[in-house]
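Structures follow.
Two complexes are shown next, each including chain A; its partner changes from chain B in the first to chain C in the second.
The block that comes next holds the complex of A and B.
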């Protein structure tokens, strides 16, 4: 039997498709570069310290954005990603308060598993009830916030061993001495992002399950008719969201050395902003991880730039809001119009 | 609603025994909610001796009026298939406008300024959603950020010469007649009557349901969808500004945090009241019951004072979440049965 002949895209078509898919994320990286450049110009002594503090500050938010991306790619949205992050921040800080370094790593692993389970449960609730994602996650955001408050009534309690904090706040050479001089200017916080991408996202992206996730996001009916298990895929997508949120909670625990049950809501709203700025379609099924990562760093970098320029941080919400609206109203329209 | 075979959304689930309760919920959600509310009040008065006092009723109505006004615009928007996450911030901005403009000129001018501001911000949201076709979630999220920032910046700039809230507005939000009906409740009832009349008895109301039910069909039928959406968002902004005027009276001075306690509950009340987030169905009557339900529950949890420290707050969050989820599920199942 002759194998099915697929029409092969000619060179120019393939190139145009590549451009169409990657032009937006590439633009976001240009934006990030411009912001970093502006930071360099605005700050007289821009150096390793400034880069380090930017990474420390941006990491929990970036990881929450990765989580939100998974939910949005699958055609959903997770309004609970921020309170979930706060919940795991509180859980980790409580468990690690008197732990050694080895124990804290085990606890970290446990928290990641808990993140997957809690996220998967969210997906399962959406499956069983059939209530829209936005309402279910609005409800779970209340529940997570409540549980976080129950576990830790007073913000700033708990703790984490110093070595665990170094994983997020030190330099790469503090974690791996063999990286030497090169490692001494690379923030160790990037390790958690690398872990998220290399250990969780890329292996997933190479699996059939990720194809199912994109299929579910772009057209649920078509995905179902093609034999995709809608329920299982949704559970997996929200499981990944929970895992990334838990990793974000660990990053927050590492950088602040304590827990804060009230920190959630701003992470949720900003993660949605970063996902959209990162070129992921809110209707699902289109986009990747590269864009949202750059978008998260850009949104955070903008705040740092304001500080460098001597503008009060009170303007941060205005600047973020204006950026978001401009991007969505004008650029997004241009881009989507071309697809 | 899009359905997929195999997805539980479309599968007709075998009816459980209390089928009549479900039918009641499907056909007359208001009655089911009212019964639920009544039960809650009965439980409260058993658990807490002296719960049913005039002061308590006045308190519930005071808080309920603000939440009800904030949820009114939200209900109309959710019926059109949209949502506005900036409504509470519009209310806060209106609260600032009324106190600062009133201090400069007179209270009527301040009120007009606040209402105009609310309608204008709402119209901007409407242009983003209707004309530019952007996701309402994102546009209004951005607007919420802009307003929050503007309020915080304005606050810092006027720390030394903060305006006080005019006496008449303090009176409106806090004082009652015959001991238990706050003046603000009259504002709420008036707005509610107008909103329900508009939704049920006017062509514009029909348009709102039609746009939420099937936007493409509306466009094909020659309905100016974009203009309708701009008008609805502006209207929601206006109603929220009314809520903001009462809110600033209730909190006694304009501050950036005064809206925060209402941020999510004002959306939750709409869902609890039976308006579908998918658009095209629901009404303000249900939302009003939702508002009363959440306010009574809130007061009950405060009075019960479970545990120590933050425990009552935590219990309140968890119960809120569970109630929103349970009712959204119940409505969906009831609608499927019907």
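The block that comes next holds the complex of A and C.
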């Protein structure tokens, strides 16, 4: 009986428990801060321009990571997230080539819906065939890459209206003049991240469906016995993954002003790395979005830091890989037996 | 038998998996306001029946009616809508979510769950706790409270007391009685006959996938239940070989003392002599897995000592045990073998682990090594290119043959005859006896209690992780073993 007596959560207990459960994401933000600090030291004239370029460069990858997080939380994995992002980059650039700003926003919305549908179809294929997620998404990654090349055989074609580009490459004050001086130092690219979190993720996180998604990743049998529809939940999870990948494609279209069918491949495995570094359990069910976001920025920021230090590209990947292993090992040690 | 006033009426449920019969023809009637026990030996079909009632699997044929109306239970939610509320043997709480989130996920009313948790003695439980951080007994109580909060007409409790300390079990019984007084019913599945007698009104016994009787517990008592569970089908097999009832006065080859695995095995001590077959009998989940895992080096015990001869054993992995000469033939043959590879490769596999032979593996060396064991065990090698195509009995022989080729001193057999035909069974028993006669010490767990006295010199009965009885093989008939395995002492059984 004694083992069963649990303390009622008073304010301080609840606070300590929150810290314990969120220690990993918090430490990833510390890592990000250290990397940014190191950049400041390494770069003599570090300023708004460097921050702006970092956000522009990191945003498509960060959005791909959000997509990967959804799949992994539900107990799956999406090896197609990168080529899917490239596919929607190509589609958006093709549709927006001669569009006005208003039209481009509508096209953007359409692309997001397409992203959801394509992702949901991936989930449905996994349900119907019973083939493991990793194999189905490996196959669809080739399909998406091929379709992207069919739509746009030559990289750099297509286009997007300037105003649409400003949404991702400008400052906040360019989009919303009333933000004034404060807005003039905040990269507008963060708007797409805010959109992903405030319009898609947080409302979803408040729904019962998100509990079903976590439950599915946590223990499939328990979820089934709890009355969760495994098939419907998986479709929803991959639908969200597709939506975030499509948003990443839009961000890429906005920043480059064109399409590139070959661009997304490196995002796939990097997004898995960011998910792991962000404290999401690869077996599913555990983690959130805060960690992976900081992890994505950290991984990208590390590459920039190495550039600032004048280290050659070949070494950059080695350093990135070694850092990943060390950090995950270190955090994993802290994490054992704790939440 | 058919009673139209029954709350739950199950008629002729049947489920086959290929050639395997899980349930042949099961009837069950539960009246309003009663606690009804569902009993049966391992493999009688209890869990299959419960899975059908809870919508986890669908029957091949037969009907389930609640309050006289036939229902189709296509998934767990449908079962709940029909008024059946279950606490499953498998945990049905998502481990990474908090208690509150789990309740929200299953649309349970938190206030009602809270009231039942208070009633069951978990007043201090905080809904913000993550399920994975809570101890197992707490989870069972949470699941019970959640099921009760839905106000089901019939509460199905599948082995709920197996994981509970006695004080919590008492609160569960109190709530069950309350439930009955409110005019609702409980279907209670338990291995513990003492509990069943204390709390249940009637009991239905399943055997070989059929219901073989429903009795009032007030008049019947355990004797009648045990009789029903056993049935008339006594084993027709003869002892495999002359038994060496009085173990030869040799030094024990293997002994363990006070072996302990937290929560699974408590201070188990025994010894096996060369030439002896020591049986282990137990119902499912009484610690036999932990015992064999310890001796085979799969898990490390939390306490106690094992010795081979006079050498203490520190087994860190199965390879250590094999090197010491302790080898395991597991129940799951697919686990032990490489199903895609040939009989020959499967038999020579352990040699590679030992690195006894360096350099190229020649076909000739392989053939020579495997020829002896294959001939000795009469393995049917017509399908030898892939072990998975062999019959279960022949697969089992291959997993024994590989140890014949390498040599061993202690042989651990975990339910080696499960799902094997009578002829092959007899061959395997004869083989075990022959190996023992050549000086091996054999530890044999079998779920087929009727066959224990055919092959074992001595037998230990495990109950809740402890050795509760030790008998001579000759007197270990099925009835005696079944009583001991249900935790009934000799005195109680005699009453």
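Basically, the second predicted complex is superposed on the first by the 312 of 339 C-alpha atoms of A that agree within 3 Å, B and C clash if a C-alpha of one lies under 4 Å from a C-alpha of the other, contacts with A are read in each partner's own complex, and residues count from 1 in each chain.
Everything that follows uses one rule, which is that contacts are C-beta pairs under 8 Å (C-beta built on N, C-alpha and C of every residue); 3 or more make two chains touch, one makes a residue touch a chain.
Values in this document were obtained by computation on a predicted structure and should not be read as measured data.
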item: Which superposed partner A:251 touches (first chain B, second chain C, both, neither); value: neither
item: First (chain B), second (chain C), both or neither touched by A:153; value: first
item: Which of chain B and chain C A:285 touches, first, second, both or neither; value: second
item: First, second, both or neither for A:318, with chain B first and chain C second; value: first
item: Touching partner for A:14 - first (chain B), second (chain C), both, neither; value: second
item: Partner chain in contact with A:215 - chain B first, chain C second, else both or neither; value: second
item: First, second, both or neither for A:36, with chain B first and chain C second; value: neither
item: Of chain C and chain B, partner touching more chain A residues; value: B
item: Chain B versus chain C as contact partner of A:226, first or second or both or neither; value: second
item: Residues of chain A at both interfaces, chain B in one complex, chain C in the other; value: 221, 224
item: Footprint of chain C on chain A - complex, ascending; value: 1, 3-9, 14, 17, 21, 208, 211-212, 214-215, 217-219, 221-228, 281, 285-286, 339
item: Residues of chain B defined as touching chain A within the complex; value: 2, 4-9, 85, 128, 132-135, 137-139, 141-150, 152-153, 156, 264, 267-268, 271, 277-278, 308-311, 313-322, 324-325, 328-329, 332
item: Chain A contact footprint on chain C (complex, rising order); value: 54, 56, 75-77, 80, 88, 90-97, 101-102, 104-107, 121-122, 124-126, 128-130, 132-135, 137-138, 141, 165, 167-168
item: Chain B-touching residues of chain A, taken from the complex the two chains share; value: 77, 125, 127-132, 134-136, 138-143, 145-150, 153-154, 220-221, 224, 230-231, 261, 269, 272-273, 276, 282, 312, 314-325, 328-329, 332-333
